[in-house]
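Consider the two complexes below, in which chain A is the common component and chain B and chain C are the respective partners.
Take a look at the complex of A and B:
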């Protein structure tokens, strides 16, 4: 691990604390493992927020999280003494009961820790370039996901414009899937809707989604046989040159050609799409 | 029927991530995403052994998995995300855009009890 001016001993100058509902392989790499009770993340984060401010918290309240007051007090001491702390969080917070409230509690804790030292929070991403999708949508529209363009300008509302909700409600009569496999990852009601409507898939592999789609277009794998930019989890962009040749076009080329073909078709909307809605 | 209720936690593993890129039709990917790991005591309560098949049932759907003992807390079951876990999830997101896919109670029934 990198040695620096302020952390000359590398890993020995750093502390890794793992919080999970079970002991994973990551526990071996951590200095401290805290086993929190399932579904008690929000409570633990809220208790930590109270304790860093010196608010009174009872042992019983702490015990509900599966931890002890001493353990949390030790954690707080370590956090306050840190020169630069980072909290990595993942689906354990966002896909369990509480969802965005769990993430909000963690982000608030990170913000409040800045009264003592520098602290940030960063989501752990799953696949290839999820961070890239968020970053691009953010600088293009101001929002990371769950965006609707149907009024001619971007609007953001998770729960309304997010993919799962749109599919489950059956709002769409067509789906265009690029570099994703919702047929193998989303809840069954969402998958059933994809099978009902004309679904077009762009993917290097034949996926579960391809099998329920009307059209599958094989494309070159990005970053391997097609150039592009991959974003690291910490949002650092990395230009990628293709290492292999592919007989297939890139996602970008297919989309460009579809766009050109659509441009040749007569426009079915007025010049001002907003007018449609002002008449409703 | 000896069924038990456990807290199901679909999750990601490094092996599963590698196999997503190799291809989801591979036997290894199918094996990874259909292997349910639970505590020894829960295996005994269920009356199953390593390699036995079980049916996991939620109020939204059901799917078949193969049981394996692992060092996990009692009362919890773990399985890597994949097509079988999609069958168990509800489409509701509570207005967040994110379906609940972790930490919910499921019924586990040995397949041998169903026939």
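Take a look at the complex of A and C:
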């Protein structure tokens, strides 16, 4: 690992703490492993928030998380002594009971740690260019996801406008899926709704979603046969050069051509105009 | 005053945003003006009478009929009059309301009474998530008024609420009173886990035992006087809070110490019979 002026011994000057519900292979690479009881992340993070402020916490209160006050006190001392701390979190936090509030607890803890030392939190991303989608939506609209444009300006309300909730409630009459496979991951009512409405899929492969879609347009795989920009987990943009040629168009080209085709037909909705009164 | 009656004549295929259905505006409108009010069916602007049969005019009392699950923002920011709804209602019912009354004979969806500052909402069925809550990024939820839910409620009841009262008749899900800053939540049938998480101030009264966060501390048993006073106010909604020292006491918990907060959770403990 990189040696630097302030960390001359490289890895030896760094501390890795792993928090998980079971001892995974990563535990070997970590200096400290804390086994937290499943579904008790929110409680553990909340106790940590109390302890960094010097609130007295007893072993009885900590017991339900599967840890002890000594272990947590030691963790807090290490965190406060660090020059720059990073918290990485993943689906174990955001997809278990409590969902967004588990992530919120971790982010708040990171924010509050800045009273003592520099601390940040970073989500561990899954496949593909997830960070890219978030970053682009953020600078275009001000929000990373769960955005509605139906009133002509972006509105943000996860739970109301996020894809899975809209599909589960059946609030759309069409779906346009680009480079994703909700048919493999989303709950059954959402998948049933996708099968019911006209679904258009842009994907290089045949997926669960493309099987239940009305239209599947095969595209060139981004980064392999189509150029573009991929965002690293730490939001650094990386230019992607295609290594292979593909007979298929890129996602961008397909969407551009759909847009052009629509622009050529300005009267495509005359029986149902978008506006009945001219907007001021 | 004869009320305006709106009957849903065809169900919207996508969400219908109808913040125009609000007593404030309709009080001054003729029948033709009401019929020509703009609602948003998805992105399309349509006339109100494309979806509703409308009877009556110039009234601040509205009666709605039909299954309105996809109709959102009803009574947004209303300050007077009343709305009576027969059927299920979609999100944001009575959000930002400043006065008046809403009564629903049916179930309601998420965000009802979000950030309201005064007025009354009574739901005879169950409610969705974030009852009387703060919108994302906003610092304060409900700032006054009263929400009564006879049935159950979803997660984050009264999230970041500052003032006012929420009464849930059935069981509530996780995070009731999350980040509360004031006001009162009464849980007549208890709640699931993490009740009162991160609360700064405010009171949660539960008549059933709760599984509390470890950051709450026990702080005595008593029969608070304010509960009796409060109970008298709630009598017109058809129920009372028990506070007879002969029958039981309230166990008080203080928290949430992670914030660190001065909120209180009162859990009724009845004395065993005999």
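Rule of thumb we're sticking to: the second predicted complex is superposed on the first by the 266 of 280 C-alpha atoms of A that agree within 3 Å, B and C clash if a C-alpha of one lies under 4 Å from a C-alpha of the other, contacts with A are read in each partner's own complex, and residues count from 1 in each chain.
Just so we're on the same page, contacts are C-beta pairs under 8 Å (C-beta built on N, C-alpha and C of every residue); 3 or more make two chains touch, one makes a residue touch a chain.
Keep in mind it's a predicted model, so treat the numbers as computed, not measured.
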| item | value |
| --- | --- |
| Touched partner set for A:162, first chain B, second chain C, both or neither | first |
| Touching partner for A:127 - first (chain B), second (chain C), both, neither | first |
| Which superposed partner A:50 touches (first chain B, second chain C, both, neither) | second |
| First, second, both or neither for A:97, with chain B first and chain C second | both |
| Chain B versus chain C as contact partner of A:218, first or second or both or neither | neither |
| Partner chain(s) touched by A:229 [first = chain B, second = chain C, both, neither] | neither |
| Partner chain in contact with A:69 - chain B first, chain C second, else both or neither | neither |
| Overlapping contact positions on chain A, where the chain C interface meets the chain B interface | 97, 158-160 |
| Residues of chain B defined as touching chain A within the complex | 7, 9, 11-12, 17, 20, 23-25, 60-61, 71-73, 76, 78, 81-83, 86-87, 89-104 |
| Of chain A, residues touching chain C in the complex | 42-43, 46-47, 49-50, 53, 55, 57, 61-62, 64-65, 97-98, 101, 149-151, 156-160, 171-173, 272-277 |
| Partner chain B, residues of chain A touching it in the complex | 21-23, 35, 38-39, 91-92, 94-97, 99-100, 126-127, 145-146, 158-160, 162-165, 167-168, 181, 183-191, 205-208 |
| Chain C to chain A touching residues, read off their complex | 13-15, 17, 38, 40, 42-47, 70, 91, 110-111, 129-130, 135-137, 174-175, 178, 193-194, 197-198, 213-215, 256-260 |
